[in-house]
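The structures come next, written out as structure tokens.
Shared between the two complexes below is chain A, which pairs with chain B and chain C, respectively.
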Partner chain A sequence: MRGDGARTVDRSRVTQRGDRHAGSARRGQSNLLALVAALTLLTAATAGSVVVADRALSDVDGQPARAHAAAAVADRLVAADSPLTQRDRVVTTVGAGNLTPAAVDRLAPAAQGRPVRVRLGNRTLVDRGTARGPTVRRVVRVVDGTVVRRVPLAGNRTVTVGPTPRVELTVQTRRATVVTTVRADGRVVLHAPGGLSGTATVRTSPAAETTLRVAASGTNGSVVVRSTPPVRTTTLRVTVGSRQSGGGGAAVPIVDGGDGR
Partner chain B sequence: MTARSPPDGRSGRRAARQGGDRDDGPTVGGDRRRAERGVVPVTSKAAELGIVVLYVAAVTTALYGGVVPDYRTAAADATAEQVTVRVAGELEAAVPHNATAVDAETRLSLPATIRGAAYRVRVNGSAVVLDHPHGSVGERVRLSLPDRVASVRGGWTSGSPLVVSVDRRATGLVVTVADGGA
Partner chain C sequence: MTASTDGRRGQLSLPAVEALLGALLLVGVTAGFVLGADVGDDPAVEAQLDRYANDAAHLLATEPAASGNGTRLAALAASNASFTNERGPTRRQLDAAFPANVAFRVRTPAGTVGYPPPNGTTGTARRATGDGTVVVEVWFV
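This part shows the complex of A and B:
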């Protein structure tokens, strides 16, 4: 009873004086708030650094293998024994046109099961899947090979050849038909009133296309035009993406490692 | 002002209070207000300490129980990939572009351990395989070699330099991976 009384009085006194106890309680709560805020910040910083580490690691994951595969494909494509090339680093247009994803896999097994994109200059030779990864470049020379065109005298007797320093003409006529004149862009380059025969070489522009026009006395026969476009330099770009994982990317190397034992 | 007599306890304390003196010496055991005033900071500090200790324990457990070993394994796997790719690249580069008469040897320095353990790199004809004691660490890179290479073989255990040698045989070039000795 006495204690109660004391308490009542005491409380009234405290409220009157008002400072010390209330202040201490407030201080205690503000301490707690500060602690909660600090722990929250710490948690956020920890979680944030884990996320950053995760991103950094996922960026680097598979990168060396992709770069290696791309370099392997590029090196094997420009090698002398590649179906693409005539010699080391000399690519033929025909070979480039015949390149298939299967051929790439056969040449460079590192690219098997991966998206691959091979580009020669502006031309895409192989595009399998969406290859996202490092691009390996190789400077190559491109030869187009000899282009053979037959100009029948029964037709319009003109042919346009690409930029090339020279073309070779072979006249093939039968019966009374003779080829008298050949003009390149209107300029007379070959002329024989009695008729041309055999093979002749004609200089043309290496920078622009040339239109050859044949004048003949009849329609039996043809003129065969052989031209060799000049060698040009371009870039072979190979991009190889990550292997398509059927189920669980991490399991792939282990399974593969197991079957090789 | 005798502190001993019960009826005067209040007045005595009041007098002490009014005097503005907080520490007024030995008092009656029943002064609960005073006792609480002493306890409140202690309990709140203890609670704060407890929360911090629990928090640190929880974060440590979460990091070292799961996150750190996972990252260690992931980083080890990335390193294994780099090592394997490096060996594969070296094997491919060891084969000359346009020659069959070759006897060449290349030494390669590689990490002695990955994830704190020794590992092994072997070649099984068409691929470079890295074997590691940890189950989740390993890599396999397929080799892209020209036809004039008859076979690729050998193995290497980490700790010494890796030696890649290319020899000419009747059937073609033979590429061998071996330990380089100490």
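This part shows the complex of A and C:
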């Protein structure tokens, strides 16, 4: 009786313990799965956050430096004492044509070792490397230098000048040769039966080319035509990129040294 | 009884809850980075507009007036008559000078030439003349 009872109790206890074991095992497995899922989720979220944060920080780090360099280059290019300009914010075509990356570096040390692009209107003056960054724009006047053309009376006696409001003509003749008439696109603009002398100013079209034709009694001498193309306004655009890592002048070979073997 | 209670408590796995909270925190911080960058005016845009405004004021200050006396900037401020003379040339000059995405307004004591400005970011340049201050405002359209 007692033995039976004890056995019964024992059995029930065993059963109970067994049940409990089975339950905790199931719970342990589900906990493991939950842990794996949780760790995956957390790792993914951390990785994503780090990427976003890194991008945001590098933007904040790099942007002002590039913008500052571009502004410095633009400021100094349009200044009165720049090789590009004649006066403050008046760019000459000749100066623009002679601009080199080295000159940009000398003007604005902030641009040294960085990709730089300088554009005047739709003409690229300097393009070093792939400049990716903020673009600084300045509004400038552009003057082309005075164009001097000599029209020999021995030649075909015509010359075409670009769009300009006026041209200056200087008659240089020798011996019996005299220049009697100057026509602009067929219209008589200067005429003296006894011969023109000295310098005269002729109005031409500021919007289109004008062909000047000279009539003279001989072939000794020439007419000098000076024209100044009108001043125009355009945009100077400067873009400066990030300094290349490991760049900056000549490539320095990386030496394997010491423990590297 | 005890076993079944344990089982129910085990279903709401604590690591999962912790991970969820952690992920939520991280997403919150990330959202701060993503959204925080766009808040406020871009200082580069403002600086560019100020540059445009200064260059425009310089253009007006170095352009001869239509009447032949003094600069366009001074003539704009001098009197209503001289302002009326300069209004058209000023508008044409600045329209030609700026890229198509830039609009402007020039305010002088004698009158205003240009376009109505928006509520957004504008760049400003001021030039003093004998007849008052000329204000050039520039913005992106």
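One rule holds for everything that comes next: the second predicted complex is superposed on the first by the 202 of 261 C-alpha atoms of A that agree within 3 Å, B and C clash if a C-alpha of one lies under 4 Å from a C-alpha of the other, contacts with A are read in each partner's own complex, and residues count from 1 in each chain.
Here is the rule we go by: a contact is a pair of C-beta atoms (placed from the backbone, for glycine too) under 8 Å apart; a residue touches a chain by one contact, two chains touch by 3 or more.
This structure is a prediction, so every number in the text was calculated from the model and none was measured.
Of the two partner chains, neither chain B nor chain C is touched by A:148. Contact with neither chain B nor chain C is seen for A:94 once the two complexes are overlaid on the shared chain.
Legend: residue contacts after superposition of the two complexes on their common chain; A:71 is shown touching both chain B and chain C.
When the shared chain is aligned, chain C comes close enough to touch A:134, but chain B does not. By the document's definition of touching, of the two partners only chain C reaches A:233; chain B does not. Once chain A of one complex is fitted onto chain A of the other, the partner contacts of A:109 are limited to chain B, with no touch recorded for chain C. When the shared chain is aligned, chain B comes close enough to touch A:80, but chain C does not.
In the overlay built on the shared chain, the residue A:30 is in contact with chain C alone; chain B does not reach it.
Counted by residues of chain A touched, the larger count belongs to B, out of chain B and chain C.
In the superposition on chain A, A:188 makes contact with neither chain B nor chain C. In the superposition on chain A, the residues of chain A contacting both chain B and chain C are 20, 24, 31, 35, 39, 42, 46, 53, 60, 67, 71, 88.
Against chain C, in their complex, chain A makes its touches with residues 19-20, 23-24, 26-27, 30-31, 34-35, 37-39, 41-42, 45-46, 48-49, 52-53, 56, 59-60, 63, 67, 71, 74, 87-89, 134, 136-141, 233, 235. Only residues 3, 6-7, 10-11, 13, 15-16, 18-20, 22-23, 26-27, 29-30, 33-34, 36-37, 44, 47-48, 51-52, 55-56, 58-59, 62, 93, 96-99 of chain C touch chain A when the two sit together in their complex.
Residues of chain A touching chain B in their complex: 2-3, 5-7, 9-10, 13-14, 20-21, 24-25, 28, 31-32, 35, 39, 42-43, 46, 50, 53, 57, 60-62, 64-65, 67-68, 71-73, 75-76, 79-81, 88, 107-112, 250, 253-254, 256-257, 260-261. Chain B meets chain A in the complex at residues 6, 9-10, 14, 17, 30, 32-33, 37, 40-41, 44, 47-48, 51-52, 55, 59, 63, 67, 71, 74-75, 77-78, 81-82, 84-86, 88-89, 92, 97-98, 124, 126-127, 129-131, 135-136, 138-144, 146-148.
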